[in-house]
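Dropping the structures in below, format is structure tokens.
Each of the two complexes below includes chain A, the first together with chain B, the second together with chain C.
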Partner chain A sequence: MDNFKYFKPQNFKELLNVKYDLSSAGFPLAGGSNLLIYIKEKSIRSGTLIDITSLKELRGIKKTGDTIEIGAAETISGILESKVLENELPFFSVSMRDFANPLIRNKATIGGNMADASPVADTAPPLLVLDAKVVAASKSGIREIPANEFFSGPGKNNLSKDEIIQKINIPVPERGSGIFLKLGQRKGTSISVTSVAVWIVNDSNKITGIRISLGGVAPVPIRAVNAEKAFSGKIIDENNITALAETLKEDIKPISDLRGSAEYRTAVSINLLKRAILTCLKTEE
Partner chain B sequence: MGEKEYYNIKLTVNGKVVTGSVRAEISLLDFLRDNNYIEVKKGCDKGDCGACTVLIDGKATVSCLTSALQAQGKNIYTLKSLGSWDKLHPLQKAFVKYEALQCGFCTPGMLMTAKALLDTNPHPARESIKEAISGNLCRCTGYRKIVDAIEAVGRGEL
Partner chain C sequence: MTEERTYIGKRTPGLDEKDKVLGNVIYADDFTLPGMLHAKVFRATKPSAIIKKLNADRARKLPGVACVLTAGDVPNNESISNVVGQTTEVGLLEARHQVLVKNRVRYYGEAIALVAADSVAAAEEAIELIEIEYEEIPGVYNPLEAMKPESPKIHGDNNIIAQWKLRKGDVKRGFAESSVIVENTYRTPRQEHAHIEPESGVSWVDDMGVINIRIATQVIEHYRDVAAVLGIPQSMVRIKGTIIGGGFGGKEDVTAEVFLGLLTWKTRKPVKLTFSREEMGYGRQKRHPYILKYKTGASKDGKLTAMEAEIISDSGAYVYLSPWVLLYSTVHSTGPYFIPNVKVDSFSVLTNNIMTSAFRGFGGMQVAFAYEAQMDEIAKKLKMDPLELRKKNFLKKGSETANYQKITSEVLLKESVEKALSALGEKSKSTETKKTGRGFACSWQSYGRMTYLHDTSSAWVGLELDGSAVVRSGIPDLGGGQRESLRAITAEILGLNIEEVHVISTDSQVTPLAGTVTATRALFMSGNAVKLASEHVLDIITKKASEMLNTSVKELSLKNKTVYTTGGGSIPLVKVIKQCAAEGTMPQSLATYKAPFTDPVKTEVIKDPVFADFTFGAQAAEVEVDTETGIVTILKYASAQDIGRAINVNRVEGQIEGGAAQGIGFGLMEDYIEEKGIPLTLNLATYLIPTSKDIPDIQSIILESKSGKGPFGAKGIGEPAITAAAPALISAICDAIGVRIKHIPATPERVYRAVHDKN
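Now for the complex of A and B:
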């Protein structure tokens, strides 16, 4: 018999205490768009739903120094509506336009999407190329986990049992431009088959700095370090881009599932990467 | 195995205060239907179809993935807040005029999404309408007539 409890902490300290006490039996509940499905599907049978939506420590999108801080309980709609992001880092808000659909964007949160640790989490590739940090909080303090080191497997993250995500910190890049491309099976409400984010610093067609991240081609969202090395310092044209993009094969380990075969995902990743890089190079800063 | 715990809940549906006692994991959709708001439709019950769309504090979202307890103190609007038989809302009139439904199961959710869109964007372009209803599935119409109907209200035709 399923048995759930509900608890709404009145302040941040109470949240950290209750998460410590309940440990893995305490489930932070923000939008609920993942958690309620897991309850209905009975992959979670008991525990305490800890309602975190109204705690001010987990809300807000603001710029502090050179860092943009996004509260873990901010919705994807909130990110799309944020003037701070629109002005300071439009790449990230634009990246969220294809997240699920407007109904889900009104409830799904950035913290929830990261914590859920899906290999195709749509917040992950953009955050990975931005070198974002996940700020984890517990009774014993806070620590920053690089987004690239946050995931440990499909549906698994590196939070301790007593930790919650408080916010996501994004260092605002001084230079460069970015793009996030995702391929789904249809336009609306689509789970990504494969997604690619790139951040490029370039001098005309010469790439002076590049970060590449992919979703859906490995157990967790990844940084494509081999492809990054291959592209770094190169002058890109139509003739060399394909060979360079094919170095992605050393970075990815796609599987075949109901949304696409491994071969298909490999081909799509390479094509998305080429398209992403060419689009960035055409975008004059 | 211990007794299941119940929690008191109080929220406002279509302007009327509704109270009850619910389990921790109950969805807003189930709470509403248990309280006879059966105009809120249960389709997939996992956030894919949008049939259960309601407005929560003005924003359209799926009630099936909303915890009822998280709706505590909030203003919920369902289809029945739009209009009545003798006084249809312009969106309802448009859906009739443009034949924007066949079986009608998606219509309560579709209309609430359209209402939320027009509340923030009174004269939406077709592309904005398509984007707004992208979380509401319709298996009958092919969407075109739905977009036509919403667009007609946007240009003040009804």
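Now for the complex of A and C:
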């Protein structure tokens, strides 16, 4: 740990300045549930840990107009307890119920989970189907990156070296309902083998709008555009859902690893998608 | 006969439960001494290689580093011990071990050098400065490959390091007489102990020159190993055990004590060594993975006629306890059933995988998975209820096992299964994608060590002048409440208030040696030793009291710190103690309990009694299988065990629940995976154990036959509690989906494949 420094900026401006100065040697530290492991594993060997936990610009869950803004340093527990989300967008907080375990949920943050860019980040599929935007801030200003364009590879995101995530903006959908299904190898503290989020708008049984996102089946969390196309405008029943869900194969490129084979991931992704859609349609009825 | 007991069979309060919950216990790693050094182990990163160059000069020169030790610095680096009962049919008759690698690395993680420095950071940095060059040599990672003559050899000229046989009757005739025959091959995983507390200890040299090692261990007798490695008298090494944060057999073989002994002996300073979680993975023994080929036959009316089995265990790169684990497997391989014709051949095979050794169940679990699956499959073929089939074949008191051993205690298997199944209540309904199923499994598991080892346990009990009592027993408290049981036994016999009995345990130079807290022997052996010593103290007291009261000993009883006569007279206990002290006949006793002894095993064919007795029990589960994902949810669970006599009901339930939970892990998710000897599951994010969300409420059902060889008729429960869990779950899954999983753990992917390969 001698190779590491700790710095706690006093305000947002100082944070942006120090991130600019340190560039890729400055590591934002919120919950530390990923960062401290990388340090322990020595995949990060030196740098400055920038403590962002108490900056008000990175905190809070509020609704502004039609947008819900979640500060990047908000913890998963904070999201689960948020009255704003419970009232305005329960889908998102419900989606976080199986995130890791209570200890980690108390430390891990939404910004950290997104920035870490794991293919199985559990905040990602729900945010992707909500068309959320990652608000990136730097000395030179702020920009919005659509969640779907935020990831560039396993463990890689599209932030510049001087940028940090300030908040996540979620446009509150006018209609529809969503669900997030996560498949782990056990019930508690599980890392997703694969995960599926869907958001459906439904007019008298006909799907008029659908967004589908998956984790664990590609180098990054993805939108399943082919499957979305297949389901759009369809009236779903037990007879056509399997064939439609099979189109997911065109969207995903799973690998085989310790948590599961590519074949298994493909099969269960399709099954979870079917289950997610049927559950959503039932809720909509 | 019903006896009124004050403590035995009750829920006696715990000594350390509250402190454990509050985090007040001083575990091994919590202990520090002034001027203490911190140690780290430099370990191999190849599974099979020759060390071409090893240079620790840069590490030695690093500021803060006190010493770096390699094989050449170890006085007695290599040890050889005989493997019992083996003849020339197998190649190796010896188990070879080394403290530090001299030149050939045999598994990934093998210890090569030790560092002690004045801080953890300096020790870690020094480890990184050690330079090593390897020449990789061909290794063997599959025990079936390792058995072939042409495979690379790990030690000597044969990788088979032990084989055992059961020979009873004539299996050919038995199968010829069978109307159904079931043949299957089963595989079980390499399970990790995954105790919460890492291996850890602190060592120092005291003012008498004795090397002291304060360590979390199941075996304080390892002071002898430290002395042997250092070449010093055994009397000059002391091991003081701690309260243990989980062991499960993982702290049975030497953990850190030899490393600590070496570093303190070399530096003359206190040293602490605590393994990291990853090191607990690649540096420590696991449960043996098994391949079990079973062929079982039965008559039309469900009588077992013959069983033939080939059992292969992967011993990893060193022998450790593999031959004994395999012997347990072999004896238990028939299950708790009478089978007239039996032929079993079992082999333990060296590979370049992580070494394997003791783990709760000690070879009993792997075979239980196979013999219970076979019973279910036979029942299915015969279209017979699986319990009906078993009832026709259960061993009984007086039955002879396949190693010609008579069962001397009660066998309450029928009662166990019935109670466990009825505890599950109404069966939950299936839906189209969520199939429910129910299953059970029986088990038998020996308690106490193998009888040819001539196991003994000593204990000292004495009364203080105020009537309180001290018990000294070397037995470590593994968390199972071993000290509490001893306290309850002394309090019961001497009629004392339990709070007035103090138990001093687990210190090789203070407490009489009681042997290991392994093999489900602690209560059986030390309980009997403490009972003997307490009874002797009672004799001293009643003898003296009879003189003082002028009555016969037979008319006296000791209760509430008072000696009563049947005629209504009494005398306070303290008065009797004072009289004893005045006369120099102290109310104290050092007693040794001897387990039943048998002759040493002479050949690979096991044809004599090997164990003192067995615990019989059953576990039952109801599961829900999600056929679209393969996820198994345990809805209901019950475990019924005849433990002979509960000494402390709370602690018996603790073992039954904990055993079920660890057995559920073995059945559903735990697997230490290596790819050509390289470990892939080095932390608890990849090596999965059940969480509280994965374990349902476990209903513990205690049966008491009072027929065991332990104190008050107790049997052992530590290991028996785990044995039947996996086969019960697999049976329930089979009931739900109609397919039997033969390769555990039954991960969601394996279950999913089973569902879909069927269709």
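Here, the second predicted complex is superposed on the first by the 281 of 285 C-alpha atoms of A that agree within 3 Å, B and C clash if a C-alpha of one lies under 4 Å from a C-alpha of the other, contacts with A are read in each partner's own complex, and residues count from 1 in each chain.
Note that in this section a contact is a pair of C-beta atoms (placed from the backbone, for glycine too) under 8 Å apart; a residue touches a chain by one contact, two chains touch by 3 or more.
Note that the structure is predicted; figures quoted are calculated from it, not measured.
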{"item": "First, second, both or neither for A:G141, with chain B first and chain C second", "value": "neither"}
{"item": "Touched partner set for A:G32, first chain B, second chain C, both or neither", "value": "first"}
{"item": "Partner chain(s) touched by A:D51 [first = chain B, second = chain C, both, neither]", "value": "first"}
{"item": "Which superposed partner A:G65 touches (first chain B, second chain C, both, neither)", "value": "neither"}
{"item": "First (chain B), second (chain C), both or neither touched by A:F4", "value": "first"}
{"item": "More chain A residues in contact [chain B versus chain C]", "value": "B"}
{"item": "First, second, both or neither for A:L272, with chain B first and chain C second", "value": "second"}
{"item": "Partner chain(s) touched by A:L103 [first = chain B, second = chain C, both, neither]", "value": "first"}
{"item": "Doubly contacted residues of chain A, that is, touched by chain B and again by chain C", "value": "1-2, 101, 187-189"}
{"item": "In the complex, chain C residues that touch chain A", "value": "121, 433, 628-631, 633, 668-669, 673, 680-681, 685-686, 688, 690-694, 747-749, 752-753, 756"}
{"item": "Contact set on chain B toward chain A in their complex", "value": "1-2, 4-5, 7, 23-25, 27, 45-48, 50, 53, 59-62, 64-67, 69-70, 113, 131-132, 134-136"}
{"item": "List of chain A residues in touch with chain B within their complex", "value": "1-6, 8, 29, 31-33, 36-37, 39-41, 48-49, 51, 53, 77, 100-104, 106-107, 187-189"}
{"item": "Residues of chain A that touch chain C when the two form their complex", "value": "1-2, 101, 183, 185-189, 191, 193, 258, 260-261, 264, 267-268, 271-272, 274-275"}
